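What follows is a set of structures to go through.
Look at the two complexes coming up: subunit A is in both, with subunit B in one and subunit C in the other.
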Partner chain A sequence: MKYEAVIGLEVHAQMLTDTKIFCGCSTKFGSEPNTQTCQICIGMPGVLPVLNKKALEFAIRTGLAMNCRISAYSRFARKNYFYPDLPKGYQISQYENPICEHGYIEIVVDEEIKKIGITRIHMEEDAGKNIQEGAGNYSFVDLNRTGVPLMEIVSEPDIRSPKEAAEYMKKLRTILRYLGVCDGNMEQGSLRCDANVSIRPIGQKEYGTRAEVKNINSFKFVEKALEYEIKRQIRVIEEGGKIIQETRLWDSNKGITESMRSKEEAHDYRYFPDPDLVPITVEQKWIDEIRASLPELPDVKRGRFVSEFGLPEYDADLLTSEKAVAEWFEETVRSGGQPKAVSNWMMGDLMRLLNEENKTIEECPLKPSQLADMLKLIDKGTISGKIAKTVFDEMYKTGKDAEAIVKEKGLIQVSDEGAIEKAIDDVIAKSPKEVERFKAGDEKLLGFFVGQVMKAMKGKANPRMLNEILKKKLT
Partner chain B sequence: MELYSLGISELSRMLEKGEVSAGDITASVYKRIDAVEDKIKAYVTLTLADALKMAEEADRDITAGNKKILSGIPMAIKDNMCTRGILTTCSSKILKNFVPPYESTVTSKLIESGYVLSGKTNLDEFAMGSSTENSGFHTTRNPWDIKRIPGGSSGGSAAAVAADECIAALGSDTGGSIRQPAALCGVVGLKPTYGRVSRYGLVAFASSLDQIGPITKNVMDSAILMNIISGRDPMDSTSAPIDLPDFASVIGMDIKGMKIGIPEEYFLEGMDPEVEKAVKDAIKTFDSLGAMPVKVSLPHTGYAVAAYYVLATSEASSNLARYDGVKYGFRAEGRDLMDMYMRSRAQGFGAEVKRRIMLGTYTLSSGYYDAYYKKAQQVRTLIKNDFDNAFRNVDLILTPTSPTPAFKMGEKTDDPLQMYLADIFTISVNLAGVPGISIPCGFTSENLPVGLQLIGKHFDEETILKASYAYEQSTEWHKRKPNL
Partner chain C sequence: MNISIDHLARLARLSLSDDEKKLFENQINSILSYVDKLNELDTSNVEPTSHVISLSNVVRDDLPGTSLGREEALMNAPDRTDKFYRVPKIIE
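Presenting the complex of A and B:
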């Protein structure tokens, strides 16, 4: 029997607000434990939450970017459970009336566009962290993270393969980063992913029993964890067993998922509307303002890069995966760079150099205009493409402009016919055997002659002229 | 006349004229506390050192010509309102060592107005009860008969005002906790409209019902305190962004033509005949003042207690989850985390609090939510509609505050349901969110005070205060003092 997977993802995204969702504490990551807390996020008696308007705005921004309906009436609910990192004994979340519903995003799988439904996006507060230190029979609690605003983005069970899930996660991350609402760092936990997975025989309409896989804490594990879980479920079924509804934990060291708790052991969170927070009513005017302030989103940008700049899909996709990269590209083109050439240099040499130093495009020592100016030198024939590689590396290293480097190092291309001819004549005179073999039909030797001439001219010969003259001389 | 026996406005006048100092008043109140507190047990914590400092500051202000509205006035604060650096226990063992590092909004406003904190008063643990017998520490006695309870949960505040152990007090009211003890102690207790007064720093019992209000010796003082504590607070989303009137401005206006609704559902078969008579006499007094008593109906009254005990306990079960021994308050050692949780809560909470946590946990449980919590919310809407409908025809609604005068200690402790019914006339007001006051309207043959309740429209405390003052000025009840 052939099976297909049915996958829905629940993604938690930490919002990039300066302050927490219900108090004025900083959200900065990595501070000393319990230094970013106050009576409100610690849950002391008598304190009350007040909603951070920026968090609401970020949720609406995200909802609009993901084609959601923004609820005119929305409210917070309490999710009740006991845990030391949850100081109030409940998490303020949204349950019955989330801020965003009924959206979708598009992913590309095997060159086909596929819509993945977004069931809902809701706001909630993050919990703190329990820290295990030393061998004692106790843990420490750090409440710095308590109250950091989160969005939970819940997809429809529209995903059919681990690859689609990975594409969905990538797309989600790209959109969140475009919007500036989340930094999308899975390793640091600012983006977290839980997956609901079931399988069914191909052709069957009904869903199978699903398992929830938690703790997928890196991009590279999204596919691996799901592949494992799907295989596990197929094996259980084929061995005559039954999938049980349960929560499973992904163990990245062992590369497997393990049962954490069954449905029977699941918490009863006793959700009810939080009486400390008034219902949220969002005016259409504000929604319109937020919509108007949305940046150009990656899908639109990618399409425009194809139609406006004539880039191949592959280039457009890569260049638009990060907003800052796309902006660097456009800035370079605006400074006079020919789009495809800019794309080639960015995807090739620039990315290589940045990756070597683990730098992002924001930290790039080069200005877009510097790359554009260098490309102009190539176009004018001042330097060859080959020399440009050296110039580019030097430019990156020193921050100097291409023209200055070319002058300083005497890298200007020689387009003087006489000089090139003379160099060719010298090489031909020194290589009678090779000339003979070439004339006998060994055309591969053309490269040898080009190399020898270039060597003699320190790489500065105009390659087009060199080729033309050489061919003339040899035939 | 001893200074401690006076009210805010009289003392303010004397301070203004330089006839007394803030130090004199505080000394007088503390002399009274020394004399009667052993009998009454109104306080959980006395704050003499703070009081003296605050009185000194008040005297400095007054000398410098900067007298504030409450300069030098000693007030008692129910011990469920957070006071920075001062024990705030909620009369619970689980918070018996809790010292808040922050000040509640209401007490911040009192501080800005120059008040003197006389101490923190006793209550039923976490404000859950009608007699202070659920206090984790001790039971407060009714100043009119120390074998009887003062009512609750703000029994400490009401008894302290009645026994002149303070000039005025703040209480909190979730289902009658200001009005019922005010009635049983013969003082004035006002529960403002939900949203009128900030709850920030009030330790939550049932967040959608809790409201802070004044307990005073007379109606004028109630209006003075309302002017101070009311208003939108950016720290409390549920505080209403509504302009504030001058509550004292209506004091002394006549009430001719005012329509006062008398709901038949509040005059029950079998209610205490002396209470019934006192309230019916009060209706006659209103009539003689030119107001017009009108029959009204609040048909869903009979469901109020049931709906209240579902909603209040649901919210309480969640509000009290934070007392887990992890961060502050009482912690019992345990074998592991779960054991520590269970022992801390088992030893830290009293029986009534545990009962309500269990009830509320049950009513919110998956599978029961619709039958209990949701249904109770629907009933709440019906009760609110009852009031909206009645208020189309009348300006105020008049009822007894409590079906009985103060009962004896221990009389109802074995029967929680009987205890719950002590709030039968006050609970609907919290469910509807409307304001209500209790003012003295007579005494029983055993010399126990009887209170009447006036209920107003949303955010119309002015009409309540206007009518209350008019009634008070035409009677002598508020002038009687218990014989201690």
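Presenting the complex of A and C:
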């Protein structure tokens, strides 16, 4: 029998505020343990939490970008459970009346656009961190993260394959980064993903029993964990078994999901409205202001890169996956670079050099205008495309302008017909056998001659002229 | 209304002796039956109340305040190391 997967994702995104969601403690990552806490976030009796306005704004911003309805009335609830990383004995979260509902985002899979529904986005506080390393028969607890603001973004069960899930995660991350509400760093835990997975025979309407897969903490693992879980469920059913509704933990070392029996008992959270936090009624005026401040979002930008700059979809997609990359591209085009040429250089040489040093585009030693100026030198015929590679690497290394490098290193392209002819004659004279073979029909050898002449002229020959003269001489 | 004392104790991470279970079960059930009197009221036309004061939108700006020092934060911990709270091993 053929099965299809039904997947819904719950994504926790840490919001980029300076302070925690209900108190003024810092949210800085990587500080000394237990130095960023106060009476409010470690749950001392008698304290009063107050909502961080920026966190609320970020949640609304995200909701608007994901086509959600912003709730006119929203409130916080207590989710009760006991765990050492949760000092109050409850997590402040939202249950009924979350801040955003009924949205969607679009992903592209196999060149088709697919809508993935967003059920809800709600605000909540993060818990602390348990540390096992070096703790022997104990666990250590660091409460710095307690109270750091999170958004939980819950998708509809619209996802049908691990690949779609990965695309959804990528798109979500891109949008969050465009909005500046989350840095999207999965390795540092600022973006975390749990998945609800079930399978059903193709054609069946009812959902199968689902398992929740937790701990998918890297982009690499989104697809792997889901592929494993789907295979596991198919195997269980084909062997005549039943899927149990349970929480399973993804183990990236073993590459499998494992049942987490210890969590089962705890699914009785006894939510109730938090009496310490008053309800939120967001004014339309504020929503309008936030909407007006949204940046151009990735889908719109991608479309514009195709229509305005005539770029292929592939280029537009890559260039708009990061806002800063898209801005760098546009700045280069504004400085006079021809769009497709700029795209080629950025996706090729620039990304290669940045990746080698693990740098982001923000840390790029080159200015957009420097690439544009170099491209102008190619257009004018001052340097060849081949020489430009050398110039580009040098520009990247030293930060000098292309023109200065060309002058310094004597890299100006030779378009002098006589000089090219002479170099060609020398090569032909030195290679009688190759000439014979070429004339006998081995046309692949043209590349050999071009290479030899270029070598003799230190790569500076005007390639168009070289080709033309060479062909004339050989026939 | 009856409540399972075992379930409640597990949620609260408490281990109770049989005598304690009997004692608390009786006490909790008598509290619940007292409160149960409220169910005699017809509330079918009343919105559930989540807050008793008519206040909304109390927010603060995203500005840093003062945190406790580590020593002060860990002062009341029943068990600790230099830098951490220390708790029984959490096994998954």
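The definition used in the following text is that the second predicted complex is superposed on the first by the 466 of 475 C-alpha atoms of A that agree within 3 Å, B and C clash if a C-alpha of one lies under 4 Å from a C-alpha of the other, contacts with A are read in each partner's own complex, and residues count from 1 in each chain.
Simple rule for what comes next: a residue touches a chain if its C-beta (ideal position, glycine included) is under 8 Å from a C-beta of that chain, and two chains touch if they have at least 3 such contacts.
No experiment lies behind these values; they were computed from the predicted model shown.
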Request  = Go through the superposed model and pick first if A:Pro45 touches only subunit B, second if only subunit C, both, or neither.
outcome  = first
Request  = Determine, under the contact definition given at the top, whether A:Asp268 touches first (subunit B), second (subunit C), both, or neither.
outcome  = both
Inquiry  = Contact-wise, after the overlay, does A:Met260 reach subunit B, subunit C, both or neither (first, second, both, neither)?
reply    = second
Request  = Determine, under the contact definition given at the top, whether A:Pro84 touches first (subunit B), second (subunit C), both, or neither.
outcome  = both
Ask   = Hey, is it subunit B or subunit C that touches more of subunit A?
value = C
Message = So in the superposed three-chain picture, is A:Ser307 touching just subunit B, just subunit C, both, or none of them (first/second/both/neither)?
response = neither
Inquiry  = One more residue to check, A:Ser218. First (subunit B), second (subunit C), both or neither?
reply    = neither
Inquiry  = From the superposed pair, tell me which subunit A residues show up as contacts to subunit B and also as contacts to subunit C.
reply    = 39, 42, 50-51, 80, 82, 84, 137, 141, 268, 270, 275, 277-278
Inquiry  = Can you tell me which positions in subunit A touch subunit C when the two form their complex?
reply    = 17-19, 23-26, 32-39, 42, 50-56, 75, 80-84, 130-132, 135, 137-143, 249, 260, 262, 265-266, 268, 270, 273, 275, 277-282
Request  = Sort out for me which residues of subunit B touch subunit A in the complex.
outcome  = 80-82, 88, 90, 95, 98, 100-102, 104, 199-204, 206-208, 234-238, 314-315, 317-318, 320-324, 326-328, 336-337, 341, 361, 364-366, 369, 373
Request  = Going by the contact rule at the top, pick out the subunit C residues touching subunit A in the complex.
outcome  = 7, 10-13, 50-51, 53, 55-70, 73-74, 79, 81, 83-92
Residues of subunit A defined as touching subunit B within the complex = 39, 42-51, 78, 80, 82, 84, 87-90, 137, 141, 268, 270-272, 275-278
